[in-house]
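Below: a set of structures, written as C-alpha coordinates.
In the two complexes that follow, subunit A is the common piece, with subunit B as its partner first and subunit C second.
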Partner chain A sequence: MSSYRVIFEDPEQPEQPAMVLVPSDNWLEEAKAGLLPPISVYWALQDDEKQAIAEGRHDTFKHDPEKHAAQWKAPRIGPLTEEEAIEYLVMKDIPRHIWSQEYNRPMFKIVKTEDVPSDRQFRNAWRIAA
Partner chain B sequence: MSTLKVNTLEEATAGGATFYTAKAWVTYEMHGTASIIADAGVSSLTDLGTGEPQFTLDTALPAANGTCWNTAGLYSGGQEYALQAGGYITATTHWKVYCGSSNTTQADWDVGYSGVIR
Partner chain C sequence: MSTIKADTIQSSSGGAVNLTDLYPARAWGNFSNVGGPSLRRSDNVSSLTDAATNTTDVNFTNAMSDTSYAIAAAEQNASAVVHGAFYGCHWRNRSTFKIRQQWYSTDSNQLGFCILS
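Showing the complex of A and B:
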(Lines of atoms letter the chains of each structure in order from A and count residues from 1; the text may use other names and numbers.)
(Lines give C-alpha, C1' and ligand atoms only; values in the text may rest on other atoms or scores of the structure.)
Protein backbone atom coordinates (compact mmCIF):
# COMPACT_ATOMS: atom_id res chain seq x y z
CA MET A 1 0.00 0.00 0.00
CA SER A 2 1.30 3.47 -0.87
CA SER A 3 3.04 5.42 1.86
CA TYR A 4 1.51 8.65 0.60
CA ARG A 5 -1.75 10.53 0.39
CA VAL A 6 -2.45 13.95 -1.15
CA ILE A 7 -4.65 16.35 0.81
CA PHE A 8 -6.08 19.22 -1.21
CA GLU A 9 -8.68 21.95 -1.19
CA ASP A 10 -10.43 23.52 -4.14
CA PRO A 11 -10.42 27.33 -4.05
CA GLU A 12 -13.39 27.26 -6.46
CA GLN A 13 -15.42 25.29 -3.86
CA PRO A 14 -14.69 27.01 -0.53
CA GLU A 15 -17.47 25.12 1.29
CA GLN A 16 -16.02 21.74 0.31
CA PRO A 17 -13.91 20.13 3.08
CA ALA A 18 -10.33 19.09 2.41
CA MET A 19 -10.19 16.13 0.04
CA VAL A 20 -7.82 13.19 0.26
CA LEU A 21 -6.40 11.48 -2.82
CA VAL A 22 -5.61 7.79 -2.34
CA PRO A 23 -3.41 6.21 -5.03
CA SER A 24 -4.26 2.79 -6.42
CA ASP A 25 -1.53 0.23 -5.73
CA ASN A 26 -2.08 -1.31 -9.16
CA TRP A 27 -1.65 2.07 -10.83
CA LEU A 28 1.52 2.72 -8.80
CA GLU A 29 2.93 -0.59 -9.98
CA GLU A 30 2.26 0.46 -13.58
CA ALA A 31 4.02 3.78 -12.92
CA LYS A 32 7.02 2.04 -11.39
CA ALA A 33 7.13 -0.37 -14.33
CA GLY A 34 7.30 2.53 -16.78
CA LEU A 35 3.92 1.94 -18.41
CA LEU A 36 2.54 5.50 -18.29
CA PRO A 37 2.24 7.87 -21.26
CA PRO A 38 3.43 11.49 -21.04
CA ILE A 39 1.12 13.52 -18.78
CA SER A 40 0.37 15.78 -21.76
CA VAL A 41 -1.75 12.93 -23.21
CA TYR A 42 -4.18 13.24 -20.29
CA TRP A 43 -4.08 17.03 -20.29
CA ALA A 44 -5.08 17.14 -23.97
CA LEU A 45 -8.15 15.02 -23.18
CA GLN A 46 -9.00 17.11 -20.10
CA ASP A 47 -8.71 20.34 -22.10
CA ASP A 48 -11.10 19.08 -24.79
CA GLU A 49 -13.65 17.92 -22.21
CA LYS A 50 -13.40 21.14 -20.22
CA GLN A 51 -14.11 23.12 -23.37
CA ALA A 52 -17.13 20.93 -24.16
CA ILE A 53 -18.47 21.54 -20.64
CA ALA A 54 -17.93 25.30 -20.99
CA GLU A 55 -19.80 25.27 -24.29
CA GLY A 56 -22.70 23.24 -22.86
CA ARG A 57 -22.18 20.19 -25.07
CA HIS A 58 -20.84 17.70 -22.51
CA ASP A 59 -23.87 15.40 -22.97
CA THR A 60 -22.91 14.70 -26.57
CA PHE A 61 -19.15 15.09 -26.21
CA LYS A 62 -16.81 12.39 -27.53
CA HIS A 63 -13.04 12.45 -27.39
CA ASP A 64 -11.07 12.79 -30.60
CA PRO A 65 -10.20 9.14 -31.43
CA GLU A 66 -6.50 9.85 -32.01
CA LYS A 67 -6.08 11.77 -28.77
CA HIS A 68 -8.00 9.04 -26.94
CA ALA A 69 -5.87 6.28 -28.45
CA ALA A 70 -2.70 8.12 -27.39
CA GLN A 71 -3.39 6.88 -23.86
CA TRP A 72 -2.16 3.47 -25.07
CA LYS A 73 -0.15 4.33 -28.19
CA ALA A 74 2.02 7.25 -27.04
CA PRO A 75 5.61 6.29 -26.13
CA ARG A 76 5.91 5.41 -22.44
CA ILE A 77 7.86 7.71 -20.14
CA GLY A 78 9.85 5.01 -18.33
CA PRO A 79 9.92 3.85 -14.73
CA LEU A 80 9.09 6.32 -11.95
CA THR A 81 9.93 6.20 -8.27
CA GLU A 82 6.95 6.17 -5.88
CA GLU A 83 7.50 9.88 -5.17
CA GLU A 84 7.62 10.73 -8.89
CA ALA A 85 4.51 8.64 -9.46
CA ILE A 86 2.63 10.56 -6.77
CA GLU A 87 3.62 13.86 -8.40
CA TYR A 88 2.42 12.50 -11.75
CA LEU A 89 -0.85 11.43 -10.13
CA VAL A 90 -1.37 14.91 -8.68
CA MET A 91 -1.05 16.33 -12.20
CA LYS A 92 -3.35 13.66 -13.65
CA ASP A 93 -6.13 13.31 -11.06
CA ILE A 94 -6.34 16.66 -9.23
CA PRO A 95 -7.89 19.59 -11.12
CA ARG A 96 -5.13 21.70 -12.66
CA HIS A 97 -6.16 25.03 -11.13
CA ILE A 98 -5.48 23.58 -7.66
CA TRP A 99 -1.79 22.78 -8.17
CA SER A 100 -0.73 25.01 -11.07
CA GLN A 101 -1.59 28.38 -9.56
CA GLU A 102 -0.30 30.24 -6.53
CA TYR A 103 -2.71 31.12 -3.74
CA ASN A 104 -2.24 32.89 -0.43
CA ARG A 105 -1.92 29.50 1.26
CA PRO A 106 -1.05 25.96 0.11
CA MET A 107 -3.95 24.22 -1.63
CA PHE A 108 -2.39 20.76 -1.56
CA LYS A 109 0.10 18.74 0.45
CA ILE A 110 1.65 15.34 -0.14
CA VAL A 111 1.69 13.62 3.23
CA LYS A 112 2.52 10.26 4.74
CA THR A 113 -0.53 8.00 5.03
CA GLU A 114 -0.21 7.87 8.81
CA ASP A 115 -0.53 11.68 8.94
CA VAL A 116 -4.12 11.53 7.68
CA PRO A 117 -6.54 11.45 10.64
CA SER A 118 -8.35 8.14 11.04
CA ASP A 119 -11.02 9.65 13.30
CA ARG A 120 -13.72 10.76 10.85
CA GLN A 121 -16.17 12.19 13.39
CA PHE A 122 -15.65 15.72 12.04
CA ARG A 123 -14.68 14.65 8.51
CA ASN A 124 -16.73 17.35 6.78
CA ALA A 125 -14.85 20.07 8.67
CA TRP A 126 -11.35 19.02 7.62
CA ARG A 127 -9.04 21.76 6.34
CA ILE A 128 -5.37 21.76 5.41
CA ALA A 129 -3.36 22.83 8.43
CA ALA A 130 -1.30 26.00 7.94
CA MET B 1 0.38 -13.24 -20.13
CA SER B 2 -1.27 -12.73 -23.52
CA THR B 3 -3.53 -9.87 -24.53
CA LEU B 4 -6.64 -10.13 -26.65
CA LYS B 5 -7.26 -6.99 -28.71
CA VAL B 6 -10.68 -6.49 -30.23
CA ASN B 7 -12.95 -3.53 -30.90
CA THR B 8 -16.22 -5.33 -30.24
CA LEU B 9 -17.05 -8.53 -28.39
CA GLU B 10 -19.91 -10.38 -30.04
CA GLU B 11 -21.78 -13.49 -29.04
CA ALA B 12 -20.70 -16.34 -31.33
CA THR B 13 -24.13 -17.93 -31.63
CA ALA B 14 -27.76 -16.80 -31.50
CA GLY B 15 -28.18 -13.18 -32.55
CA GLY B 16 -24.55 -12.07 -32.27
CA ALA B 17 -25.33 -9.66 -29.45
CA THR B 18 -22.59 -7.27 -28.36
CA PHE B 19 -21.08 -7.69 -24.90
CA TYR B 20 -20.37 -4.57 -22.86
CA THR B 21 -17.59 -4.80 -20.32
CA ALA B 22 -16.62 -3.19 -17.04
CA LYS B 23 -14.00 -0.48 -17.63
CA ALA B 24 -13.04 -0.42 -13.97
CA TRP B 25 -13.99 -1.88 -10.62
CA VAL B 26 -12.90 -1.12 -7.09
CA THR B 27 -13.31 -2.48 -3.57
CA TYR B 28 -12.80 0.35 -1.11
CA GLU B 29 -13.17 1.39 2.50
CA MET B 30 -14.12 4.79 3.90
CA HIS B 31 -13.79 3.71 7.51
CA GLY B 32 -10.78 5.28 9.26
CA THR B 33 -8.29 6.35 6.60
CA ALA B 34 -9.98 5.86 3.23
CA SER B 35 -8.24 3.29 1.06
CA ILE B 36 -8.50 1.09 -2.01
CA ILE B 37 -8.58 -2.57 -1.05
CA ALA B 38 -8.44 -3.88 -4.63
CA ASP B 39 -9.10 -2.45 -8.07
CA ALA B 40 -8.64 -2.69 -11.80
CA GLY B 41 -8.62 0.31 -14.12
CA VAL B 42 -8.58 2.88 -11.32
CA SER B 43 -5.73 5.31 -10.66
CA SER B 44 -7.06 6.84 -7.44
CA LEU B 45 -9.87 7.26 -4.95
CA THR B 46 -10.58 10.78 -3.72
CA ASP B 47 -12.23 11.01 -0.31
CA LEU B 48 -14.48 14.05 -0.80
CA GLY B 49 -16.09 13.88 2.64
CA THR B 50 -18.34 11.62 4.69
CA GLY B 51 -19.69 8.81 2.52
CA GLU B 52 -18.54 10.45 -0.69
CA PRO B 53 -15.68 8.84 -2.59
CA GLN B 54 -14.83 9.71 -6.18
CA PHE B 55 -12.84 7.38 -8.43
CA THR B 56 -10.52 8.33 -11.28
CA LEU B 57 -10.04 5.95 -14.17
CA ASP B 58 -6.58 4.87 -15.36
CA THR B 59 -7.59 5.93 -18.84
CA ALA B 60 -10.40 8.22 -19.96
CA LEU B 61 -13.60 6.81 -21.44
CA PRO B 62 -14.33 7.84 -25.05
CA ALA B 63 -17.43 9.73 -23.84
CA ALA B 64 -18.85 10.74 -20.47
CA ASN B 65 -21.64 8.20 -20.40
CA GLY B 66 -22.22 4.64 -19.36
CA THR B 67 -23.35 3.39 -16.01
CA CYS B 68 -21.85 2.83 -12.60
CA TRP B 69 -22.78 0.85 -9.54
CA ASN B 70 -22.05 1.27 -5.85
CA THR B 71 -22.99 -1.28 -3.25
CA ALA B 72 -22.13 -1.78 0.40
CA GLY B 73 -20.22 -4.83 1.50
CA LEU B 74 -20.17 -3.88 5.15
CA TYR B 75 -21.75 -0.90 6.84
CA SER B 76 -20.10 0.90 9.75
CA GLY B 77 -19.00 -1.39 12.56
CA GLY B 78 -18.86 -4.39 10.24
CA GLN B 79 -22.65 -4.69 10.14
CA GLU B 80 -24.52 -5.90 7.07
CA TYR B 81 -27.54 -3.83 6.04
CA ALA B 82 -29.57 -2.95 3.02
CA LEU B 83 -28.51 0.64 2.43
CA GLN B 84 -29.15 3.58 0.18
CA ALA B 85 -26.46 4.30 -2.37
CA GLY B 86 -25.98 6.29 -5.53
CA GLY B 87 -23.45 7.41 -8.05
CA TYR B 88 -22.90 8.84 -11.50
CA ILE B 89 -20.24 9.33 -14.14
CA THR B 90 -19.13 12.95 -13.80
CA ALA B 91 -16.61 13.06 -16.65
CA THR B 92 -14.76 10.71 -18.99
CA THR B 93 -12.18 10.34 -16.25
CA HIS B 94 -14.24 10.16 -13.04
CA TRP B 95 -17.22 8.64 -11.35
CA LYS B 96 -18.54 9.74 -8.00
CA VAL B 97 -20.62 7.70 -5.58
CA TYR B 98 -22.65 8.26 -2.44
CA CYS B 99 -22.57 5.84 0.47
CA GLY B 100 -25.79 6.00 2.43
CA SER B 101 -27.46 4.55 5.45
CA SER B 102 -31.03 3.52 6.19
CA ASN B 103 -32.09 7.17 5.86
CA THR B 104 -30.76 10.04 3.74
CA THR B 105 -27.62 10.51 5.83
CA GLN B 106 -24.31 9.70 4.14
CA ALA B 107 -22.08 7.25 5.99
CA ASP B 108 -18.53 5.95 5.82
CA TRP B 109 -18.89 2.31 4.86
CA ASP B 110 -16.43 -0.26 6.08
CA VAL B 111 -16.36 -1.89 2.64
CA GLY B 112 -17.92 -0.77 -0.64
CA TYR B 113 -17.91 -2.10 -4.19
CA SER B 114 -18.13 0.13 -7.23
CA GLY B 115 -17.37 0.17 -10.93
CA VAL B 116 -18.15 1.47 -14.41
CA ILE B 117 -19.62 -0.28 -17.43
CA ARG B 118 -19.67 1.19 -20.87
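Showing the complex of A and C:
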Protein backbone atom coordinates (compact mmCIF):
# COMPACT_ATOMS: atom_id res chain seq x y z
CA MET A 1 0.00 0.00 0.00
CA SER A 2 1.25 3.46 -0.83
CA SER A 3 2.67 5.56 1.99
CA TYR A 4 1.11 8.66 0.46
CA ARG A 5 -2.23 10.31 -0.21
CA VAL A 6 -2.94 13.59 -2.00
CA ILE A 7 -5.41 16.02 -0.44
CA PHE A 8 -6.79 18.64 -2.79
CA GLU A 9 -9.50 21.24 -3.16
CA ASP A 10 -11.08 22.53 -6.34
CA PRO A 11 -11.17 26.35 -6.49
CA GLU A 12 -13.89 26.07 -9.12
CA GLN A 13 -16.12 24.22 -6.60
CA PRO A 14 -15.72 26.14 -3.32
CA GLU A 15 -18.58 24.24 -1.63
CA GLN A 16 -16.90 20.88 -2.29
CA PRO A 17 -14.96 19.48 0.71
CA ALA A 18 -11.30 18.54 0.42
CA MET A 19 -10.84 15.40 -1.66
CA VAL A 20 -8.41 12.55 -1.06
CA LEU A 21 -6.59 10.81 -3.90
CA VAL A 22 -5.78 7.16 -3.11
CA PRO A 23 -3.21 5.53 -5.43
CA SER A 24 -3.82 2.00 -6.68
CA ASP A 25 -1.20 -0.56 -5.65
CA ASN A 26 -1.26 -2.13 -9.12
CA TRP A 27 -0.66 1.19 -10.79
CA LEU A 28 2.14 2.02 -8.37
CA GLU A 29 3.87 -1.26 -9.20
CA GLU A 30 3.61 -0.43 -12.91
CA ALA A 31 5.12 3.00 -12.24
CA LYS A 32 8.02 1.51 -10.30
CA ALA A 33 8.57 -1.05 -13.05
CA GLY A 34 8.83 1.70 -15.67
CA LEU A 35 5.67 0.79 -17.59
CA LEU A 36 4.02 4.22 -17.79
CA PRO A 37 3.78 6.30 -20.98
CA PRO A 38 4.71 10.00 -20.97
CA ILE A 39 2.09 12.07 -19.12
CA SER A 40 1.46 14.00 -22.36
CA VAL A 41 -0.34 10.91 -23.72
CA TYR A 42 -3.07 11.32 -21.08
CA TRP A 43 -3.18 15.09 -21.43
CA ALA A 44 -3.82 14.76 -25.18
CA LEU A 45 -6.81 12.50 -24.47
CA GLN A 46 -8.12 14.80 -21.73
CA ASP A 47 -7.77 17.86 -24.00
CA ASP A 48 -9.71 16.20 -26.84
CA GLU A 49 -12.49 15.16 -24.50
CA LYS A 50 -12.67 18.56 -22.84
CA GLN A 51 -13.06 20.18 -26.24
CA ALA A 52 -15.82 17.72 -27.19
CA ILE A 53 -17.69 18.57 -23.98
CA ALA A 54 -17.33 22.30 -24.63
CA GLU A 55 -18.72 21.82 -28.14
CA GLY A 56 -21.64 19.72 -26.89
CA ARG A 57 -20.70 16.57 -28.80
CA HIS A 58 -19.63 14.44 -25.90
CA ASP A 59 -22.39 11.83 -26.29
CA THR A 60 -21.00 10.78 -29.66
CA PHE A 61 -17.36 11.47 -28.85
CA LYS A 62 -14.81 8.81 -29.66
CA HIS A 63 -11.09 9.16 -29.10
CA ASP A 64 -8.75 9.42 -32.05
CA PRO A 65 -7.54 5.80 -32.46
CA GLU A 66 -3.88 6.80 -32.72
CA LYS A 67 -3.95 8.96 -29.59
CA HIS A 68 -5.88 6.25 -27.75
CA ALA A 69 -3.39 3.56 -28.77
CA ALA A 70 -0.51 5.74 -27.58
CA GLN A 71 -1.43 4.63 -24.05
CA TRP A 72 0.13 1.28 -24.98
CA LYS A 73 2.39 2.18 -27.92
CA ALA A 74 4.25 5.26 -26.69
CA PRO A 75 7.79 4.65 -25.40
CA ARG A 76 7.80 4.05 -21.65
CA ILE A 77 9.34 6.65 -19.35
CA GLY A 78 11.33 4.26 -17.20
CA PRO A 79 11.13 3.33 -13.52
CA LEU A 80 9.90 5.95 -11.03
CA THR A 81 10.37 6.15 -7.30
CA GLU A 82 7.19 6.15 -5.22
CA GLU A 83 7.49 9.92 -4.73
CA GLU A 84 7.93 10.52 -8.47
CA ALA A 85 4.99 8.23 -9.19
CA ILE A 86 2.74 10.24 -6.85
CA GLU A 87 3.76 13.45 -8.62
CA TYR A 88 2.93 11.79 -11.96
CA LEU A 89 -0.44 10.70 -10.55
CA VAL A 90 -1.22 14.25 -9.42
CA MET A 91 -0.68 15.41 -13.00
CA LYS A 92 -2.76 12.55 -14.42
CA ASP A 93 -5.76 12.23 -12.09
CA ILE A 94 -6.22 15.66 -10.51
CA PRO A 95 -7.76 18.32 -12.77
CA ARG A 96 -5.01 20.45 -14.28
CA HIS A 97 -6.27 23.84 -13.08
CA ILE A 98 -5.80 22.68 -9.46
CA TRP A 99 -2.05 22.03 -9.63
CA SER A 100 -0.87 24.10 -12.60
CA GLN A 101 -1.97 27.51 -11.36
CA GLU A 102 -1.02 29.57 -8.33
CA TYR A 103 -3.70 30.54 -5.86
CA ASN A 104 -3.57 32.55 -2.63
CA ARG A 105 -3.24 29.30 -0.70
CA PRO A 106 -2.14 25.75 -1.54
CA MET A 107 -4.83 23.75 -3.33
CA PHE A 108 -3.15 20.37 -2.89
CA LYS A 109 -0.79 18.62 -0.50
CA ILE A 110 0.96 15.26 -0.66
CA VAL A 111 0.67 13.73 2.80
CA LYS A 112 1.49 10.49 4.60
CA THR A 113 -1.35 7.97 4.60
CA GLU A 114 -1.60 8.08 8.39
CA ASP A 115 -2.18 11.84 8.28
CA VAL A 116 -5.59 11.39 6.64
CA PRO A 117 -8.32 11.38 9.33
CA SER A 118 -10.04 8.03 9.82
CA ASP A 119 -13.06 9.57 11.56
CA ARG A 120 -15.51 10.48 8.81
CA GLN A 121 -18.19 12.03 11.03
CA PHE A 122 -17.54 15.51 9.62
CA ARG A 123 -16.26 14.33 6.24
CA ASN A 124 -18.05 17.03 4.27
CA ALA A 125 -16.34 19.73 6.33
CA TRP A 126 -12.79 18.65 5.52
CA ARG A 127 -10.48 21.42 4.34
CA ILE A 128 -6.75 21.61 3.71
CA ALA A 129 -5.08 22.92 6.87
CA ALA A 130 -3.24 26.22 6.51
CA MET B 1 -3.18 -28.94 -24.78
CA SER B 2 -0.88 -26.00 -25.47
CA THR B 3 0.41 -23.46 -23.00
CA ILE B 4 0.88 -19.83 -23.97
CA LYS B 5 3.35 -17.91 -21.86
CA ALA B 6 3.51 -14.16 -22.40
CA ASP B 7 3.95 -11.03 -20.35
CA THR B 8 2.10 -8.67 -22.69
CA ILE B 9 -0.39 -9.22 -25.48
CA GLN B 10 -0.96 -6.40 -27.98
CA SER B 11 -2.62 -6.02 -31.35
CA SER B 12 -0.41 -6.22 -34.47
CA SER B 13 -0.26 -2.40 -34.49
CA GLY B 14 0.83 -2.33 -30.84
CA GLY B 15 -2.49 -1.22 -29.32
CA ALA B 16 -5.05 -2.90 -27.09
CA VAL B 17 -5.98 -6.34 -28.37
CA ASN B 18 -9.51 -7.28 -29.53
CA LEU B 19 -10.52 -10.70 -28.23
CA THR B 20 -13.05 -12.12 -30.70
CA ASP B 21 -16.27 -13.17 -28.94
CA LEU B 22 -14.70 -12.53 -25.53
CA TYR B 23 -15.75 -9.52 -23.47
CA PRO B 24 -13.46 -9.10 -20.48
CA ALA B 25 -13.87 -6.32 -17.94
CA ARG B 26 -12.18 -3.06 -18.95
CA ALA B 27 -11.64 -2.17 -15.31
CA TRP B 28 -12.72 -3.37 -11.90
CA GLY B 29 -12.05 -2.65 -8.28
CA ASN B 30 -12.96 -3.36 -4.66
CA PHE B 31 -12.68 -0.60 -2.10
CA SER B 32 -13.81 0.59 1.31
CA ASN B 33 -14.98 3.92 2.67
CA VAL B 34 -14.76 2.99 6.34
CA GLY B 35 -12.11 5.08 8.08
CA GLY B 36 -9.44 6.26 5.66
CA PRO B 37 -10.39 5.45 2.07
CA SER B 38 -8.65 2.37 0.72
CA LEU B 39 -8.52 0.46 -2.54
CA ARG B 40 -8.15 -3.26 -1.87
CA ARG B 41 -7.70 -4.67 -5.36
CA SER B 42 -8.22 -3.38 -8.85
CA ASP B 43 -7.18 -3.50 -12.47
CA ASN B 44 -6.99 -0.59 -14.91
CA VAL B 45 -7.57 1.80 -12.01
CA SER B 46 -4.79 4.28 -11.26
CA SER B 47 -6.46 5.82 -8.22
CA LEU B 48 -9.64 6.62 -6.34
CA THR B 49 -10.71 10.06 -5.26
CA ASP B 50 -12.65 10.16 -2.00
CA ALA B 51 -14.65 13.25 -3.00
CA ALA B 52 -17.11 13.58 -0.10
CA THR B 53 -19.39 11.49 2.09
CA ASN B 54 -20.53 8.49 0.03
CA THR B 55 -18.97 9.82 -3.14
CA THR B 56 -15.98 8.35 -4.92
CA ASP B 57 -14.37 9.03 -8.28
CA VAL B 58 -12.69 6.12 -10.03
CA ASN B 59 -9.73 7.14 -12.17
CA PHE B 60 -8.85 4.77 -14.99
CA THR B 61 -5.27 3.87 -15.84
CA ASN B 62 -6.05 3.59 -19.54
CA ALA B 63 -8.91 5.63 -20.96
CA MET B 64 -11.95 4.03 -22.53
CA SER B 65 -12.26 4.68 -26.26
CA ASP B 66 -15.59 6.49 -25.67
CA THR B 67 -18.19 7.01 -22.94
CA SER B 68 -20.60 4.25 -23.99
CA TYR B 69 -19.41 1.70 -21.48
CA ALA B 70 -21.50 -0.09 -18.86
CA ILE B 71 -20.98 -0.12 -15.10
CA ALA B 72 -21.94 -2.97 -12.80
CA ALA B 73 -21.56 -2.20 -9.11
CA ALA B 74 -22.63 -3.35 -5.67
CA GLU B 75 -21.93 -2.49 -2.06
CA GLN B 76 -22.08 -4.22 1.30
CA ASN B 77 -22.32 -2.32 4.56
CA ALA B 78 -20.94 -3.25 7.98
CA SER B 79 -24.08 -5.27 8.76
CA ALA B 80 -23.31 -7.41 5.72
CA VAL B 81 -26.39 -6.10 3.93
CA VAL B 82 -25.69 -6.25 0.23
CA HIS B 83 -27.29 -3.76 -2.13
CA GLY B 84 -27.54 -4.73 -5.76
CA ALA B 85 -26.36 -1.42 -7.02
CA PHE B 86 -24.90 1.83 -5.94
CA TYR B 87 -27.21 4.75 -5.35
CA GLY B 88 -26.08 6.02 -8.68
CA CYS B 89 -23.22 6.47 -11.06
CA HIS B 90 -24.08 10.03 -11.81
CA TRP B 91 -20.99 11.29 -13.52
CA ARG B 92 -19.81 9.00 -16.22
CA ASN B 93 -18.93 11.63 -18.73
CA ARG B 94 -15.22 11.00 -18.79
CA SER B 95 -13.78 8.25 -20.92
CA THR B 96 -10.35 9.55 -20.14
CA PHE B 97 -10.20 9.28 -16.47
CA LYS B 98 -13.19 9.09 -14.26
CA ILE B 99 -16.62 7.94 -13.23
CA ARG B 100 -18.31 9.13 -10.07
CA GLN B 101 -20.26 6.78 -7.82
CA GLN B 102 -22.50 7.33 -4.82
CA TRP B 103 -23.85 4.69 -2.51
CA TYR B 104 -26.45 4.08 0.16
CA SER B 105 -24.79 3.72 3.53
CA THR B 106 -22.03 5.53 5.35
CA ASP B 107 -20.43 2.31 6.55
CA SER B 108 -19.83 0.54 3.25
CA ASN B 109 -16.86 -1.68 3.85
CA GLN B 110 -17.11 -3.55 0.56
CA LEU B 111 -17.74 -1.63 -2.63
CA GLY B 112 -17.13 -3.23 -5.96
CA PHE B 113 -17.46 -2.14 -9.56
CA CYS B 114 -16.80 -3.56 -12.98
CA ILE B 115 -16.64 -1.71 -16.29
CA LEU B 116 -17.72 -3.50 -19.46
CA SER B 117 -17.50 -2.22 -22.97
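Definition applied: the second predicted complex is superposed on the first by the 130 of 130 C-alpha atoms of A that agree within 3 Å, B and C clash if a C-alpha of one lies under 4 Å from a C-alpha of the other, contacts with A are read in each partner's own complex, and residues count from 1 in each chain.
Operating definition for what follows: a residue touches a chain if its C-beta (ideal position, glycine included) is under 8 Å from a C-beta of that chain, and two chains touch if they have at least 3 such contacts.
Please read these numbers as outputs of a predicted model, since none were measured by experiment.
Chemist: With both structures lined up on subunit A, is it a clash or a fit for subunit B and subunit C?
Modeler: Once both complexes are aligned on subunit A, subunit B and subunit C clash.
Chemist: So, A:Thr113: does it touch subunit B (first), subunit C (second), both, or neither?
Modeler: both
Chemist: Just subunit B (first), just subunit C (second), both, or neither: which does A:Asp93 touch?
Modeler: both
Chemist: Pick one for A:Lys73: touches subunit B only (first), subunit C only (second), both, or neither.
Modeler: Once the two structures are laid over each other on A, A:Lys73 reaches subunit C alone.
Chemist: Should A:Arg105 be classified as contacting the first partner (subunit B), the second (subunit C), both, or neither?
Modeler: neither
Chemist: Which holds for A:Arg127: it touches subunit B only (first), subunit C only (second), both, or neither?
Modeler: Once the two structures are laid over each other on A, A:Arg127 reaches no partner at all.
Chemist: A:Val20 contacts which: subunit B (first), subunit C (second), both, neither?
Modeler: Both: A:Val20 reaches subunit B and subunit C.
Chemist: Going by the contact rule set out at the top, does A:Arg57 touch subunit B (first), subunit C (second), both, or neither?
Modeler: Once the two structures are laid over each other on A, A:Arg57 reaches no partner at all.
Chemist: In the superposed arrangement, does A:Glu49 touch subunit B (first), subunit C (second), both or neither?
Modeler: In the superposed model, A:Glu49 contacts both subunit B and subunit C.
Chemist: In the superposed arrangement, what residues of subunit A touch both subunit B and subunit C?
Modeler: Of subunit A, residues 1, 5, 16-17, 19-27, 30, 42, 45-46, 49, 58, 61-63, 65, 68, 71-72, 89, 92-93, 113, 116-118, 120, 123-124 contact subunit B in one complex and subunit C in the other.
Chemist: Which residues of subunit A touch subunit B in their complex?
Modeler: 1, 5, 16-17, 19-27, 30, 42, 45-46, 49, 58, 61-63, 65, 68, 71-72, 89, 92-93, 113, 116-118, 120, 123-124
Chemist: With touch defined as at the start, can you tell me which subunit B residues reach subunit A in the complex?
Modeler: For subunit B paired with subunit A, touching residues are 26, 30-36, 39-40, 42-50, 56, 58-60, 62-64, 91-93, 108.
Chemist: Can you tell me which positions in subunit A touch subunit C when the two form their complex?
Modeler: 1, 5, 16-17, 19-27, 30, 42, 45-46, 49, 53, 58-59, 61-63, 65, 68-69, 71-73, 89, 92-93, 113, 116-120, 123-124
Chemist: What does subunit C use to touch subunit A in their complex?
Modeler: Contact set of subunit C toward subunit A: 10, 13-16, 29, 31, 33-39, 41-43, 45-53, 57, 59, 61-63, 65-67, 93-98, 106.
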